[in-house]
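Next come two complexes built around chain A: one with chain B, the other with chain C.
And now, the complex of A and B:
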């Protein structure tokens, strides 16, 4: 039995905003299944009472002084975008006009 | 000794420049000419900046001539992995999604390289967003291993390693999330170091897996890497995960190691990274064991230590890294940088975003985003991501317990020498196994270096030394000691790639 189905991969692709093709879905489902299969032993490790580590080096409450710093020039930042107008990034419509 | 500039190590070139025997312009020109001659065959560079490099070289020469106090690497040119942002120079992360993007700022480590008056030769190829072990996942073509152009140069930093191995650069910057500096160094016969996590700023290093990403040096030998390590390391207030502690004295440690005396040093052989490891090729095991014998001759004590969690480190890594990547790569939305696809005036934002990501990302990046999304999704997060994070704690505990008994841990760097193009493309897990020995240090956060330890069937083998957190110096010392027992691979039996 497979760990992950083609339908699940399609759902993940929607969550991750990837417009995958049917061929990709077929390929990815098989490949991800094989990778997850090879990781099965991880689930059998006894981690009862073990705290998770989200980071390599434990650092807490890293503060810096709250002083204004010069930021990048607006033009320099906008130059990297695919579409800009009036000093802003221009985006496709966000709201569905039919609603 | 050869008189060719490109045959010299970085420390030697720096001394020649400081003492007036060579100029930075001469040195930089020699490497740029070498790139022109051989990079058509190797394909290490995505972008070469002849003009910018020569301008920086002229400034370095002027500083030396003016008697300014200059850094130990002033005037020595360097290549930078294309996942590190460089102001005014294209930075793609080897992805179509960033094609044409020109960063408006420099990474902190690039600022430091420039402040040290090191000319930047160009940007090197990698697996897209540093995800891979062969550089075959670059969106901009393959990089060949200078030792055999039918083989991979390792990954993800195959371009940086190949550039140093083919003598197109005396030094390079890489990034190591699960082995992306060390494994390419191992398979190209170069020296590579993953410093302690947080000791090198990630500001301006395009994020793959933020709790693991660590920039570091690639070089021809331990001392050169250590000198570059000291140039780029140190606290950075712009990276909240940067460790505010003194940089370990790695150059001093490399010089000490080169004297070949390891008396009083205890090294741990990790049972789980060697015994019964059918993943490792016989030639790799043989070269590694010969390395151990050399270290014993230099006075090191060897002790076997057990780190049971290391067996599960690879699986934990391949859940944690994709999980963080799926979050980090959400920023490529077709709005703020690079590519936008399918914006026909009719489609809405989400559709354009999905089409942009579909066109912009390559297959391995998509797989990892999907895997990471899976590991983080409702119903699976505890079973996968949570469990992986707990195993990460066990890995850290095993390292900490080991370092109560020994000064450093040793292992092969990677289970196999450079494989042929396409050999593992169909079997992803086999490809992921390339990181088997390198991921534990990333999960733990401590330093790991890879030093050449001879050849197996004509291909370089790497020997890994891992130290405790902020104990980079002991890793350099041991690696430099081993290096002192080896024939320099790139000096005498260097691969002679010649231009077409």
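And now, the complex of A and C:
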């Protein structure tokens, strides 16, 4: 029995804005299934009473003082975008649906 | 056409349940996770850095002042402060965030389980707070090509990331049942109380009209005894009045749908200030699938109890307690105090009294003449071009008998048009009560000569007839006489 369905892979691809062909869907579903299957081995470890970790480094309370630092020059900021206008990033129409 | 029930018909058949999410921009000097300035009004994309843009290798670090401000808000809302808390990534694709995620908090908010009590019509309502968490604001999007800058019909959009990354606190209530027909007023009272509490902490200017405080208002209806209904969420409501109106509108709209046997769609809606209506918002496709995960680039926070207590010790007197204390000190009735609060005049009156005015004088000017001027100009009271110290000075001149109320209003004209302080305006415009008795006696003699009938009546004992002569004297002195003094002189001369 597979851990992840073809539909779930299609859903994830859509969320990640990835264009995936039918053939790729089949291939990725199979590959991801194998990955998840091997990850299941971790599920067998007894983690009773162990705090779930999200960080590789055991640091807590790392804060910054509220003092302004220079920002980037605007040209450098806008250079990273494919299209700009009036000092702003220009993006295509956001809504697909008709009014 | 949207069908609407009357509010009374809706309330006869249904019970509302409220829920309010409020976003408050903190007024820190720098952004949440980087040192970019937060000063408002800078040229687009000039307060942006690799962290704001999530460029490869950029490393965010949390702003301590923002964390402290959030803990203070939590404490002021009677929340418990987490001993272990972390940030999370909320993943979505939308041009308002260059990172394709918003750094927020998910399962472990900084503050939880609080409450706010509000009084409406003399009845106290407890609004339970589910959580207070810290996140970052998004960029500003300018929609081009559609009508009036709306996203609908736009052909493209222009994005400014100066606001992206400014610390944002989200305060979420638990569902609020049991308010009945008072739901709109309770929603408004909650938003007002929250605003006052946060303002008293000095961590945000909480100006709804400028967007530094914005409410998302959830409303559902159910028939008495039945389960809660499907809710709608009206987004970004940006005035106290609009909070109240949006709840009222949704109750009228939803009840008409339910009466017709239709279902309420769970959706986000927009509120329109001009019409007082709500309309369906954009449907964020797959929006609920944010695939939150713990933010790996930011360290876990473990606020020590000592730190929390240190912050608790800095909390000011709660606004509600403060209002009760001031109401007693100023000897105001409940209704009058409510007017002061509604006019946002508490601080102004307090400052006026501190500058030497009597309480009654301060209340009179701010609630009366100055409120009227603010309404006429369509500005908030504190935006008027007159300082509390100037109002105190004005009242002092009235107390000394140098101005009467009519002259004082003309002095206000001068102060508001930038002619200087009250004494300066009075001197420059020649506004001063005539206290020269000789001049007044001459004016009275003239008035008697010009109104022999009235004079005869007074000689005959009809003191009420003095009104006509007083009027004549006031006219000839251009309102600069004290009416009481004039009356005394008239009666002395004619009886």
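Please note the rule applied: the second predicted complex is superposed on the first by the 97 of 99 C-alpha atoms of A that agree within 3 Å, B and C clash if a C-alpha of one lies under 4 Å from a C-alpha of the other, contacts with A are read in each partner's own complex, and residues count from 1 in each chain.
As a convention for this text, a residue touches a chain if its C-beta (ideal position, glycine included) is under 8 Å from a C-beta of that chain, and two chains touch if they have at least 3 such contacts.
Keep in mind the model is a prediction, meaning the values are calculated, not measured.
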| item | value |
| --- | --- |
| Partner chain in contact with A:9 - chain B first, chain C second, else both or neither | first |
| Contacts of A:88 with chain B and chain C, given as first, second, both or neither | second |
| Broader residue contact with chain A after superposition on the shared chain, chain B or chain C | B |
| Which superposed partner A:60 touches (first chain B, second chain C, both, neither) | second |
| Chain B versus chain C as contact partner of A:72, first or second or both or neither | both |
| First, second, both or neither for A:39, with chain B first and chain C second | first |
| Overlap of the chain B and chain C footprints on chain A, listed as residue numbers | 15, 17, 54-57, 59, 62, 64, 72, 77, 80, 89, 91-94 |
| Parts of chain A lying in touch with chain C, wherever the complex brings them together | 11, 14-15, 17, 54-57, 59-72, 74, 77-78, 80, 85-95, 97, 99 |
| Residues of chain A that touch chain B when the two form their complex | 4, 8-9, 12-13, 15-21, 24, 27-28, 31-32, 34-36, 38-39, 41-43, 45, 47, 50-57, 59, 62, 64, 72-73, 76-77, 79-83, 89, 91-94, 96 |
| Residues of chain B touching chain A in the complex | 101-105, 196-198, 211-212, 237, 240-241, 243, 309, 311-312, 315-316, 318-319, 326, 330, 333-340, 343, 345, 347-355, 357-358, 361, 363, 366-367, 369-371, 373-374, 377, 383, 386-394, 396, 428-429, 432, 442-445, 469 |
| Residues of chain C touching chain A in the complex | 28-30, 34-37, 43-50, 53, 55, 61-67, 86, 91, 93-95, 98, 141-143, 151-161, 282-283, 286, 289, 291, 293-296, 298-303 |
